[in-house]
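One chain, chain A, appears in both complexes that follow, with chain B as partner in the first and chain C in the second.
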Partner chain A sequence: MSHQYKAIHWNPQKKAYDLLIVLLIISYLLAFVGVSAIIHPNLDPVNLLIRAFGSLSLLLLHLVLIIGPLCRLSARFLPMLYNRRHLGVSTFLIAAFHGILSLIQFHAYGDSNMLISLFTANTQYTSLAQFPFQVLGFFALIILFFMAATSHDFWLKNLGQNFWKRLHMLIYLVYILVIMHVMLGVIQLESSPLLVIFLCIGFSLVIGLHLLAGWKEVKLDRQLQELKDDGYLLVGSINSWEEGKARIVNNGKQRIAIFKNGNEFSAISNRCAHQGGPLGEGQVIDGLITCPWHGYQYRTDDGCSPPPFTEKVSTFNLQLLGDKILVDPIPNQPGTKGEQVKL
Partner chain B sequence: MKNEFYIGYINKLPKQTAKTIKKSIFVLIFVFVASGVVIALHHQKVSNSKFELGQLSTIEGYYFNEPVPMIKLLEGKDIHGNHIFKSIPLVNYAKFGVEELVGIYEEENKISLQGKKVKIVGTYLYDDGKALFELTKRAESILEVSSLNDPAIKEMIQPKIEKLGVNSIKGEIVDSKCYFGAMRPGFGKTHRACAVRCISGGIPPVLAATNYSGEVNYFLIRGSEKEAINKEVLPYVAEPVRLTGELVKIDDWMVIYVNPKSGIERVKN
Partner chain C sequence: MTKAQRKLHLLSWIVLSICIPLGFISSFLVIPDKIMQENVFLNKSIQLENILTKSSHDNLIVLLRSDSEKSKYQLEVIITTPFKTPEVGTYISSSQNFIMDEAYYLGNLGSANGKLFSLPSSLVQQEQIQVVLFDPIKNELLKQITITP
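Our next item is the complex of A and B:
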């Protein structure tokens, strides 16, 4: 959490995370460049680097994409999500090396401007087999640039969570563009089926994990939506909560997280004001509801972050009927007190 | 796990989470290293072409404009005592041909290089029995030009032309500079944009045709009126094509003279 602009709020976890990113990048580059240099000593050094950075950025992109669903499936992977934006920026930088080297190698030092050449050297836009695959990579890189440039919380705050989130969901468009860039490009040059196999494994992993994580949430939503009673949603018996944790219901428009903190029950929006993280998968720590993604905290009664922080989320009114907790599906204004249940 | 909760800014990983993360780190390092090794092992074989980058050579030979600007080097004699020549097409620095450069040189020095003895400095490119020579220092690469006075030498260096009739040949149009050494690999779709830039800049286009035994034959491509058709072949570069035209062997190069409007067709691989 932060209330002041700072480029990076370093802490040991972030340093360890970045160290791992550097280690992975160096490991891959050493392995790829080392083996290529031995097996194919005549491979053009610039082409070698283009291939190294291109394949590495593809690998990193897969890692970026599987972290989200992995964390939804098991909270044990949450440390991988904590500093994912640095992984995203690293992916952009590696992809940028690939893109810039390719642009210079294949389009520079000729009779046309490099960028004009990028779009005009191959004009077979109506042919799938001959489609100018480099253009696809270029657009993927441009989107990645905007994502990397706006990854800081400064931009999240200034662009607004909804716009920022939509912008960063473009990672899926980037993934499609990159897959097509590879399929219509290098795959057509190589005779070994290995790259296709690698791509299929990666694609299956990304799609499979997303489907699993999505299915888990859909199942939960469907199950709880059936429990409506007199306008309020029936959440469950007071004995069905784990201490400090939440149960989540869906009011048809959004998810509501109902937390138990000692003898007190309170309900807030499931969507963190920071990056939209699932607050209901968080815990009450020191009396504050804490988001599992980046540790943003909210008071249980009014959904406000404790001073000096200024984030707010909606609260919801609760009722006790026998030993059952019910929640009003209509949200209160963000930052206003909701009716809690105190035993 | 029940009470475990990870918060990034609290500098301690919960026990079970730490175990999972440690295992994940080992898996990730293994996946990254293994991927690097396996992908590197499966590159398509790169040819043995060579570009002697940074290694300037000075050569002396006879300059001819046709079929493409080239220098003819005397390599020795065969067992019958006949002179053996090697024709080496000339290319410019970067992605340009030498026609413009030679034209400017001829205009500035009021001299035609055709059939003259020239001494040039530059960089060799070679592969598969063919060689090219880059005028690395551009116009300054032309060191000396001298006329031939001996009619016997003039006669000796005349190109040996053998007409082989009209033929159709299937292959890939490549730019000779990259294919024969400047890029490795210098063919195929991934290299298409570069080949287009080179051919558009005046580098002689070549049809690389692989026969059934896997042997590659090379054909310099010219228009049916012997003109350069670099711009006309651009849409077909790096695609499987069939060229139909008059086939002529000029010294140690095959040349196919193609009508660009009717002699080039796309074919399936």
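Our next item is the complex of A and C:
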């Protein structure tokens, strides 16, 4: 995290990130076309593009999917999460190009409408070996479209964080549809075995990282049950904090981040109002608690974003007992002042 | 994320960690011994210029087409009197005895009055091609035609 983290604006990091995505895309496409032109000089150029864009979208999909768990496992990967949305939208655009080219190449010159042809050219829906694999790609693309279309914060606000999050979890369905699209395509078309090897490495990595991160988090949720005293949760001795950072406890339903800012302690919900990022893993910058994911900021005392922003998170009341900080597990209304401890 | 969302994520991935390898492995188990679709140009109906053979059979005309380099082939089926069944699977059979699961499936003629199918060149290398029209729903052989390329 740095001082330049600012919410929403186009800042130099976002531009650098986008430039990197564009460079990655261009170099992949050039390399793919170059190598294929040598290995398969007779391949139809449109088929070559279909393969180049198809495999690139598969690669990008994997990248999008591993960023989340990598960031849970190590904060070093956080810069990748900062602008992940653009990586997701690029994945959709590249996949759309692959899908539309395929539709034109394989279905536009038929007797029937392209989409009807897509669904009826091969009707072996009951056979696994001959299954119309293109249909799986089509459904994956439709879901990716809805995700890309609602990726903007405008939709996040209008749909609500919970619904938006659920909608975007459909990426997991996309993932399995794409894996089967590629596998069934590969066995029917005798594509390169390299693709199968990469696919196998790819899904092992994606599944492995998610299980590891998920298991770690669920274990943490269990561990974070703290000792109770008068219904308050014990957080720790005032000397156990790093300056500007938080300690996190769990009230059984959600995590609470207790920050130290100079000689002042304050507690807010660990869940960022933007996309649910872990506020307690961020730090206090210029007196404001700053989310490690996309840099949304909150005041320490009332959990409100500074004007002109309007986001709010819940605060919690703190107490000092000897040299120990205790927190009330019951949240205050989002955006209302909580009792802080001032030394 | 909330505790419930974290649990849902973990649960989704536990399910995926079972389904994905299962799908992956079962695709391997069913690898057909011959390539099912050498190309995916199923319904493509820009007619290739050369007609190699043409034959008429009661209610249909069958043409074998190719391009000038003989690198691409098409089978054109023109129906003069429609079939009474909606499902007219068009297959290439490797032997006189048609067995659906072993035949190469070209596509459904349906109620169309004609269709062009791409033919993998490997099929045209044989001396004779058995074109079979078969209704997989009623399990009924509608027509079997032999063409000699």
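Operating definition for what follows: the second predicted complex is superposed on the first by the 325 of 343 C-alpha atoms of A that agree within 3 Å, B and C clash if a C-alpha of one lies under 4 Å from a C-alpha of the other, contacts with A are read in each partner's own complex, and residues count from 1 in each chain.
Simple rule for what comes next: a residue touches a chain if its C-beta (ideal position, glycine included) is under 8 Å from a C-beta of that chain, and two chains touch if they have at least 3 such contacts.
Not measured: the values here are computed from a predicted model.
Visitor: Quick one: on chain A, after the overlay, do chain B and chain C clash, or do they fit? Just give me the call.
Guide: clash
Visitor: Considering only the touch criterion stated at the top, classify A:Thr290 as touching first (chain B), second (chain C), both, or neither.
Guide: first
Visitor: Does chain B (first) or chain C (second) touch A:Ser314, or do both, or does neither?
Guide: Neither chain B nor chain C is touched by A:Ser314.
Visitor: Once the structures are superposed on A, label A:His210 by its partner contacts, choosing first (chain B), second (chain C), both or neither.
Guide: A:His210: touches chain C, not chain B.
Visitor: Counting only touches as set out at the top, which of chain B and chain C does A:Ala121 meet: first, second, both, neither?
Guide: In the superposition, A:Ala121 touches chain B and chain C alike.
Visitor: Touching A:Tyr172, do we find chain B (first), chain C (second), both, or neither?
Guide: After superposing on A, A:Tyr172 lies in contact with chain C but is clear of chain B.
Visitor: Going by the contact rule set out at the top, does A:Ser151 touch chain B (first), chain C (second), both, or neither?
Guide: Neither chain B nor chain C is touched by A:Ser151.
Visitor: Does chain C touch more residues of chain A than chain B does, or is it the other way round?
Guide: B
Visitor: Where does A:Leu29 make contact in the superposed view: on chain B (first), on chain C (second), on both, or on neither?
Guide: The answer is first: A:Leu29 touches chain B but not chain C.
Visitor: For A:Cys200, select first, second, both or neither according to whether it touches chain B, chain C, the two together, or no partner.
Guide: Second partner only, chain C.
Visitor: Looking at the overlay, does A:Gln130 come into contact with chain B only (first), chain C only (second), both, or neither?
Guide: In the superposition, A:Gln130 touches chain B and chain C alike.
Visitor: Of the stretches 39-47, 147-155 or 219-227, which one of chain B hits chain C?
Guide: With chain A aligned, chain B clashes with chain C through residues 219-227.
Visitor: Where on chain A do chain B and chain C both make contact?
Guide: Residues 105-107, 109-112, 117, 121-124, 130, 134, 184, 186, 188-190 of chain A touch both chain B and chain C.
Visitor: Show me the residue ranges of chain A that touch chain C in the complex, using the header's touch definition.
Guide: 102, 105-107, 109-112, 117, 120-124, 128-130, 134, 165, 169, 172, 175-176, 179-180, 183-184, 186-190, 199-200, 203, 207, 210-211, 214-215, 217-218, 221, 250, 252-255, 271, 276, 278
Visitor: What part of chain B is in contact with chain A in the complex they form?
Guide: Interface residues on the chain B side: 1-11, 13, 16-17, 20-21, 24-25, 28-29, 31-50, 94-96, 183-185, 188-194, 196-198, 200-201, 235, 239.
Visitor: Can you name the residues of chain C that touch chain A in the complex?
Guide: 1-3, 5-10, 12-14, 16-17, 19-21, 23-24, 26-28, 30-32, 35-38, 40-46, 105, 107-108, 110, 112, 114-116
Visitor: Spell out the residues on chain A that touch chain B in their complex, using ranges where they run on.
Guide: My answer: residues 1, 9, 11-14, 20, 23-24, 27-36, 39-40, 42-44, 47, 51, 55-56, 59, 63, 74-80, 82-83, 105-107, 109-112, 117-118, 121-124, 130, 132-134, 184-186, 188-192, 194-195, 198, 242, 244, 282-283, 285, 290, 292, 294-295.
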